[in-house]
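Mind having a look at this structure? Questions to follow.
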Amino acid sequence: MKRNLIWTLWAAGVAAVALFPHLFGVYYANALILFAVWALFAVSLNLLLGFTGLLSFGHAMYFGTGAYGAALALNHIKGLSIVPAVIIGMIAAVILALLIAPLVVRVSGTAFAMLHLAFAQLLYVLALKLRSITGGEDGISIYPRPDLNIFGLLRIEMNDQNFFYFAVIVIAAALSFLWFFTKTPFGQIMVGMRDNSKRIGYLGFKVTYTKAVVYAVSGGFAGLAGAIYALLQSLISTNDAYSMVVSVYPIMMVMLGGVLSYFGPIVGAAFFALIDEWIGSGQFQQLLLKLLSLLLPSSLAQRVSDFFQFEMILGLILVLVTLYWPLGLAGFIALQRMRWQMRRVSGGPQRSAT
Amino acid sequence: MEAYIAQGMHGLAYGMVLFLVASGLTLVLGMMGVLNMAHVNFFMLSAYLGYQVVAWTGSFWLALLIAPLLTAGAGILMERFLLKKVHAFGPMAELILTMGVAFIISDGVKAVWGTQNLPLSPPGSLSVLVNIAGVQYPAYRLFLIGLAVAILLLMALVLYKTRLGMIVRAAVADAGMVDALGINVPLVFMTVFGAGTWMAGVAGVAIAPILTVSPGLAAQMGMDAFIVIIVGGFGSLGGAFLVAILCGLLSAFGVQFLPQYASVLLFVFMAVVLAIKPEGLFGEKES
Amino acid sequence: MNILETRSLSHNFDGLRVLTDVNLNVLQGEKHAIIGPNGAGKTTLFNIITGTYTPSQGKIFFKDKDITGLGPCNIQRRGMGRSFQITSTFDRLNAFQNIRLAVLSNRKIRFNFLRFVDKMTDVSLETIDILKRLNLFDDRHFPAGVLSYGKHRCLEIGMALATNPDLVMLDEPAAGMSAEETHTAVELIQRLTEGKTMVIIEHDMDVVFKLADRITVLHHGTILATGTPEEIKANEQVQAAYLGRLEE
């Protein structure tokens, strides 16, 4: 019975995704891809933050490198198909992760976060300076979007609709892989490292190597998210790839959705995509202005509503979430469930005073 | 030769200001274990407040007095009402929270003062050139170096000659110690946090005449300050001082010889140091 | 035959001498206790042997191989497991997962990304078996951080033993336990280390005399005496050291 229900839900989900571009059109199809990109980016960050206990303030490095890797490959290799382009982006990110890993695996906590801030900024500055390669602030375009070409046997043109299916399938596969990754023995060691990396060492696991592997996987999938992002936008610029806010996006998604859960960040990405859409389309500003006009004279209302630009809201959300919702939605749900269970079990183990 | 001396002085002046910013950051980090991502945003906020005070009163000196105090007040409010509340959730939460505050300040500044560069001219008595060993040098930069040295001496005096300083040093060396000392920890933390933001505030107003006031100020100073505390070693004032001066000189001469890559030089310097000593030059190994 | 041997081991912390010329011998198969007043350097000695610090001077041999300067991870892989005086578990993982990590380590399953860990039946069965022997089976779903103190300590010791080491080093296993909990813990240790080599640091003399075949007394960073419990009881120097401490 339960099995049937799950299969039905699966089928319904797949059908909904398959029909999505037909029902809602290109604009919302692209919005859904963007959400999927953010979800993958957030999950890749959470592999470090939630599962290994390492906060990266510079994950834009990998996102951006994936994006530029794919874009540069497409611009310099004639007739490159979409799959190798995406793979090249991903590999570029993995290589960068492996280069940086020796410098960061020996530290954790604040030092780890700081080093990432610094390296990400270095990449940002470099990308701005190396204008001839990266196009600097103007960026480089990917036009037309490459075809999907499987050994010349099958050629699928990547129009908006086909690209939608391609992106959704690739990202769903990546998310499934990462979910599986957290369930392997290695995933257990990773989580153990988050709780107590000292003991992991004393149990005979190499902390530095383990960190390096998680790091490379996390970087690689952030790169994959970046590559899909570049293909979606058909353009990648230094600001979209490497700037500080790009590193903060996934942190915010993870915080919103819940740091200790695998699926939390995906929900967080959905929140983020909605907020982004809401602000980007100007609806938020209009609503705010209307509300404020009720209370304040119109010129003042205008000024106050101007105050709430995108980064301001980003900052406010970060502050409020850390203050009042530190474990995100997933943590909130888990807490409610635990309370419910505690009531049922009545009691449970009590820690005696030490 | 004269050009070198002038560049050297430029570098020294920038290095001193950098140290003013970085020392507050590293003290708070060493003592409270909190890396305040918004620290350089307070620095920028102070520059804007300074600009506003000058716009209203026309007095640079008043700006140098008031703006840093207002900034320190903002810093204390943040420590008291935000940071303290998330302390229990661990360093990650604190980092993310201060990052949020950083965004709020930088966007708030843009909303109030706009995105254009605002000039803040040095007081008339200091906008002259003085002759040092045959080199014409702006008096204001000399004043800047003097101001930084004065604050540095004041800080050294407080740190090494007062009870508060003793507590702070003990706490930086061993965070667990403070609880054992039977002192009012929240008050000490608040004082240190306030003093740190005050120094950043002084630096902000003081450097504004040289760099002009703009929303990019935080990013410009921010990276350098973070590199200083990473390379110098977390919580090490001596390390921060040395590296700040080195950074100042490196960027000044970098501009002279490698104008394209001056900003990259510091990062290369950082990467080299970290590759050899991951805990920074004067940092202690994580146990 | 010696399984563990330290040769003229000395250690300084920032110029402060903590250990001086320590020559410790642990025989294959014996239960060896290290006792001594607070600050005698017992835990430092443990930390040096298990790789936390590299000694300032001297050498450590484990199974006749020089292990001086190897990290905790490499020393563990050579067959030395340890527990900590201050409980050091994976607090957000449940008891089952805690023990399972030790079992994975014992089976050298480290970089395996290809299977669901939950579907590794043999690993799960071994973990359950160990949990039962630790009397933790009923608590297996609770996160380690919420276990009662006694059970948390059991888990701590259990993790050291679950890696099936040739030599197990227990740092004050009964620290902070009530008399009743201590009794259970001693039984547990006796049962689980049967036929194994063990080095134990302990304050509680009852525990020491119950568990140990041989005792080493550490005082001010040097070895005062080594011998059977009877010899140690009769040793005048040891009595002086302990009595001297009482007089202070």
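Read from first to last, the chains carry the letters A, B and C; within each, the first residue is number 1.
The rule is short, and it goes like this: a residue touches a chain if its C-beta (ideal position, glycine included) is under 8 Å from a C-beta of that chain, and two chains touch if they have at least 3 such contacts.
Quick caveat: nothing in here was measured; it's all calculated off a predicted structure.
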Geometric centre: closest chain by C-alpha means: A
Most distant chain from subunit B, judged by the mean position of its C-alpha atoms: C
Subunit B and subunit C: spacing of chain centres that average the CA atoms, whole Å: 47
Subunit A-subunit C separation of Cα centroids, rounded to whole Å: 43
Geometric centre distance via CA averages, subunit B-subunit A, whole Å: 32
Footprint of subunit C on subunit A - complex, ascending: 180-181, 183-189, 191-192, 194-196, 198-207, 209-210, 213, 260, 348-352, 354
Parts of subunit A lying in touch with subunit B, wherever the complex brings them together: 49, 53, 55, 57, 102-103, 106-111, 113-115, 117-119, 121-122, 125-126, 129, 244, 248, 251, 255, 306-307, 309-312, 314-319, 322-323, 326
Contacting residues of subunit C [partner subunit A, same complex]: 50, 71-73, 76-77, 81-82, 84, 88-93, 97, 100-102, 104-105, 109-118, 120, 123, 139, 142, 146-152, 159, 163, 176
Residues on subunit B engaged by subunit A in the complex (per definition of touch): 29, 33, 35, 82, 85-86, 89, 91-93, 95-97, 99-108, 110-112, 219, 223, 226-227, 229-230, 234, 260-261, 263-264, 267, 270-271, 274-275, 278-279, 286
